[in-house]
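All chains are identified by letter, namely A, B, C and D, in their written order; residue positions are counted from 1 within each chain.
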Amino acid sequence: MAQEILKSLKAALWFMFLTFPIMVIKVNTVYKTIEWRWMNMIFIGVGIFVGSFIWRWLLNRKDRPVAKKDFVPVSTRVQAYLAENPMAKRALQGVLLAALLCFPIFMDAYQINIFTVALMYIVLGLGLNIVVGLAGLLDLGYVAFYAVGAYTYALLNTTFGLSFWLVLPIGGALAAIFGILLGFPVLRLRGDYLAIVTLGFGEIIRLVLENWNDFSHGPSGIAGIDKPDFFGLELNLNQMTDAIYYMMVAFTIITIFFVGRLQNSRIGRAWLALREDEIACQAMGVGRTRTKLMAFALGATWAGLMGVVFAAKTTFINPASFTFLESAIILSIVVLGGMGSIPGVILGALIMILLPEYMRSFSEYRMIVFGGAMVLMMVFRPQGLVSNFRRKYSFHGVDERLGG
Amino acid sequence: MENILEVKGLTMDFGGLRAVDSVDLYVKPKEIVALIGPNGAGKTTFFNCVTGIYTPTKGDILVSSNNGSAVRINGFKPNRVTERGLGRTFQNIRLFPNMTVLENVMIGKHCRLSAKIFGALFRDKKTRAEELKAAQECYTILEKLGLEKACDELASNLPYGDQRKLEIARALATEPKMLLLDEPAAGMNPQETVELTHLIRRIRDTEQIAILLIEHDMKLVMNLSERIYVMDHGQKIADGTPMEIRNNPEVIKAYLGEDIDA
Amino acid sequence: MDYFLELFLGGLTRGSIYALIALGYTMVYGIVQLINFAHGEIYMIGAFTALIIASVLTILGLNSIAILVIATAAAIVYSSAYGYTVEKIAYKPLRNAPRLSPLISAIGMSIFLQNYVLLAQTSDFLPFPRLIPEFAFMEPVSHIFSSAELVIVSTTMIVMVLLTLFIKFTNIGKAMRATAQDKTMALLIGIDVDRVISVTFIIGSSLAALGGVLIANHIGQINFYIGFIAGIKAFTAAVLGGIGSIPGAVLGALILGWTESFATGYVSSDYEDVFAFALLVLILIFRPAGLLGKAETKKV
Amino acid sequence: MKKLLLFAVLAAMFVFAGCSQKPKEEAKPAEAPAAEAAAPAATGDVIKIGVAGAHSGDLASYGLPSVKAAEFVVKSINDKGGLLGKKVELVVVDDVCKPEVAVSSANKLVSEHVVAVLGHICSGATKAAMGTYLAAKIPVMSPSATSPELTKSGEYPNFFRTIAPDDSQARLEIDYITNVLKLKKIAIIHDKGDYGKGLAEFAKGFAEADKKLEIVLYEGITPGAVDYSAIVQKIKQSGAEAVLYGGYHPEAAKIVTLLAKKKMNVKFVSDDGVKDDTFIKVAGQYAEGVYATGPKDVSKNPLAIEATKKHKDAYGEDPGAFYLNAYTAMLAITNAIEKAGSTDYDKLTNALRTEDVETPIGKIKFDEKGDAIGAEFSVYQVKNGVYVEVQ
């Protein structure tokens, strides 16, 4: 115990030293005055002293070798249970769906809007999950495809007056084409090189949008984009918010459905295998280029579709919405939730989007908490919240399962 | 072409180093052929050239196609080589550890299936039938190798010997005309090695395919193979029946210090 | 010709600053295969520490050479301490985690540190005192190449040489190379891998701090956000040169600096960054390991 | 699974149909906006005013001062017993200057039943959020969104601002260079941002229309880059007699410093983003002689002195960007509520357009489009380390 206290004491002292210039001294270079904020140092000292106990306790808990083999994470157990009990699964799906559908009845426009955004990020996360989680290609420029979709709708709508539903597939297709264009040159690169090239690609797209005024209206963006049209109905703002929400619910369900199917298809297996061992995968007859391009194109498609929705929802877009931070947030959703796991990505998106949103009351402390939480999450649960759960085949009932 | 695989003057250079030096080799249908030699002789490099992981510097690799004509596969990507009917395993096991055993085998089936994205998304009748057939065929392969009980396990949870077997199962799923096994018995105990010998022979008999294997376990090699090639320092130094190889002075010299009768 | 020369020297200065930051990236990557996204923030913290210490000392009335030395030393000490602590908190517990986890942790750390400085200090740009004196002998050419620029370029070159020697000849340098090649093997032959990694972070952070002080002095102002762009550019430079290679990082940084400078001078600064990234993409396509990186032989 | 999908779609349709009934019932009060927007606030004990802008991230320094300004104004009002007999309460939301976040923020403010909004800070975010406010009949007053479209397009009838739009600034700059400085060749440089590039585009348009100035260089620079020597060389090469810079002070300070170090004799004319004391502190001696346009001099306005003093007393430093504009906006809003005697949208906007109010930037009211009458620009020059009004 004494040793523990000593450790914490050391940590506290170290951090008091570390934060000294930045936390304690505040210089006003204009009036040449120095403000000494010694209270901050005391807060840091006490905070770290207490915090380091918790830190070590959590680390120990994580590393404890308690029969690691037999230990099945809760998330896996839940998933296994649901896989074995289709009735329970249906029931859960039904409850969730009912909750989603009834949500707007009890909530105000603000809540609905936040939830719509969260749903959009779920779809974006699932799209990126194809690229990163399934195919194992680290893409740091995913937001570029989102931008492609958004600008496709914004430009086609404001110049040619094309409707949302018409542009939706165009946006998706165009993003897919961009995905392939990016994919071709970078496929030979391995992990981290791919990451930096995709990051560069994302930045290039944003810079072009910023600089090419004649095409994209530059940094001042495009205003007055039409909201989506629903069967020609005249909707007021509240109704429109609800309508977009329901559209996103449908979108999300369709995406979950499709991604789930992709994951357990011939192509999905090939992606997983490619992620696990590229050479062995090729030697087993899986075409690397084709498979990777397919992942890029499909991932991009979802980003493109969401881009169109985004432009229609906000009615105004500018390049500021498509920065690297955005890519980083979507990537965090995938990693935080658990790579390759659909429930994981959903959970990740809800946490990453709703938490900062409801932390608005912290206002300026929002981002620091966000950054810190990302670090802590990774330290204590690096594999993400939900572990990937592989589908099982049972050979007496194989027909029913595969057909389902 | 009468032979299933014919390699002529295969040479592979890495920078200034010549790892394989004009090696000739052929394999006839349904034949079990071994490729032996001391460590660093260039055996695995030879395998990698044949299976498309490296593009050889010189020489020809010919594979007989379905209509009997020879196809030169130099510089083909590994997956194209596999499509041509050469399935392989790896010296250091390269399974897909986080996929189930069955899924591992189904990857082998990949190039024999045709489902596309739309098939995957909408899962039409054809796709479903194809998936079902593939799953069942893979299950059958697992049964043949005695791995069917583990079919839902993650590959990484299998014991070592079973992982080796799984690699063979996966290669079989590619529906090969010839199987290339890179040290299949490495790390196995004598009992397992004996089982493996039977297994390989059984595969040849039931599947009617040729087998080319690299192995250090001389007992297995001598028991199993019909012909043997010996490599040293990148060159082929001998070939012939097990009996001929056993008595070849060059081979004995190359293996000096190693007990080839073990 | 003058125009060309001026652009060349401008690119050289810019490249030298990228190089100081890129060295940290490349060393860390070489040893733990991690894109340390928080490295740009370490550089920013170095600049901030120097600014704070320098301002305090100015108010206390020390002479400018003493201030320069003390502020730089403080920046190096504190940046190293931050680098060391960041590694211990955000990366060390993740050493055996899936490959992407440390990356996310790094991005989180980067956001955290930015906002930490924003909250503890200010969001405004702060004027950075001019600490590097104008040398008399530079006067005739100062309109194309200033004293500060000379200091930046020569510091980078000296640092590169020293670092190369350090890694080649000292024991810890050798241990670093061994760890970079094979961590498990290094551990088996008795190298304290944790210590090697710590030292790598400390050295990388000190270089970033040096870069922070020099650049802050050159451009005269800093805020909490300067680390982000500099960090991305430096990382691009490191990849360009072949990540893991020290001369590669410097070469990549210089090429990046020149590309940007000449692109601005002869084409348009509108697309300066586009040129930089396009260059990166092209080089990686034709030389996937970067300019001086060793091509990986696939082991099968 | 197929059944599930079908069920989902059907259920969505059904509930959607059901829900579209719900807002229809609400549509009645929506037609009578007073009842919907103002009723909850009017019946409560407080009047809520929203403050929206970037309060974190790289643009926080432009948003945070407006929060402080709003707090000071509200404090003094509440100390005097409040507005219409009620306490005033602020609802502060952070939009990080991103359009999509601005929409969420706007929704948040609407759901909190604010009667007016001070914000947003960036033009882009403002444009994105305006639709939501318009539907809820909430007047919005920005201290800093200068995009001319916001007022001139007529699409945002509920928008007001206490800062002059970009085009008037650009006009002034071009006129000054042509008529007062009497120069012929200019280089227009901008920071690729919404504000800087917008301004540069206007300046370019005016110069081309006037045909009196030759634009020898028109380029954007990257904010935050470590070095600008290449662009400075290019300015030198172009033979420009003056640089017209659209953007903010950090980059301007770097460029001015480099221009001086390269011993180049060109005039530097810039905008309100540069007319900031930090610019002079950062650029030091090199700032001498720089021209910048900015709101007309208010340093002798007693309200401005009072507002600045409050900030210095509370925070020990000078207020940041757009502080006085935000202070002005807050006074204008509260004054209009007072004069209108209600928080009703029509009465409020009417009061804003008709009632003069004394503010730190002078006596103002708003024109039909929402621009402040009385908020005009002048040209300043740095002399002996301070901005002095010239002209």
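Quick notes
The rule is simple: a contact is a pair of C-beta atoms (placed from the backbone, for glycine too) under 8 Å apart; a residue touches a chain by one contact, two chains touch by 3 or more.
Remember, predicted model here, so these are calculated numbers, not experimental data.
Steps from chain C to chain D, taking the shortest chain of touch contacts, total 1. Chain centres here are means of the Cα atoms, and by that rule the chain farthest away from chain D is B.
Legend note: the chain whose CA centroid lies nearest the centroid of all displayed protein CA atoms is A.
Here the spacing of chain A and chain B, counted between their Cα centres, is 41 Å.
Centres computed as Cα averages put chain A at a distance of 32 Å from chain D. One simple way to say how far apart two chains are is to compare their mean CA positions; for chain B and chain C this gives 48 Å.
Work out the mean CA point of chain B and of chain D, and you get 70 Å between them. Within chain D, the positions touching two or more other chains are listed as 56, 60, 64, 192, 220, 281. Touching two or more other chains at once are residues 53, 90, 94 of chain B. Annotation for chain C: residues 115, 118, 127, 270, 273, 298, 300 touch two or more other chains. Listed in rising order, the residues of chain A touching chain D in the complex are 28-31, 33, 35, 90, 93, 97, 101-102, 104-105, 108-111, 113-114, 117, 210-211, 213, 218-221, 223-224, 233, 235-239, 241-243, 246, 249-250, 253-254, 257, 310, 313-318, 320-321, 357, 360, 363-364, 366-367, 404.
On the side of chain D, the complex with chain A involves touching residues 1, 4-5, 7-9, 11-12, 15-16, 19-20, 22-24, 26-27, 30, 55-57, 60, 64, 92-94, 97-100, 103-104, 107-108, 110-111, 122-124, 127-128, 131-132, 135-136, 147, 149, 155, 192-194, 197-198, 201, 220, 277, 281, 316-318.
On the chain A side of its complex with chain B, the touching residues are 258, 261-262, 265-270, 272-273, 276-277, 279-288, 294, 298, 388, 390, 392-393, 395, 398-399, 402-403. For chain D in complex with chain C, the residues that touch the partner chain are 56, 58, 60-61, 64, 192, 219-222, 224-227, 229-231, 233-234, 237, 249-250, 253-254, 257, 261-263, 278, 281-284, 320. In the complex of the two chains, the chain C residues touching chain A come out as 29, 33, 35, 45, 48-49, 51-53, 55-56, 58-59, 74, 78, 81-82, 85, 89-90, 93-94, 97-105, 107-121, 126-127, 129, 232, 235-236, 239, 243, 270-271, 273-274, 276-278, 280-281, 284-285, 288, 296, 298, 300.
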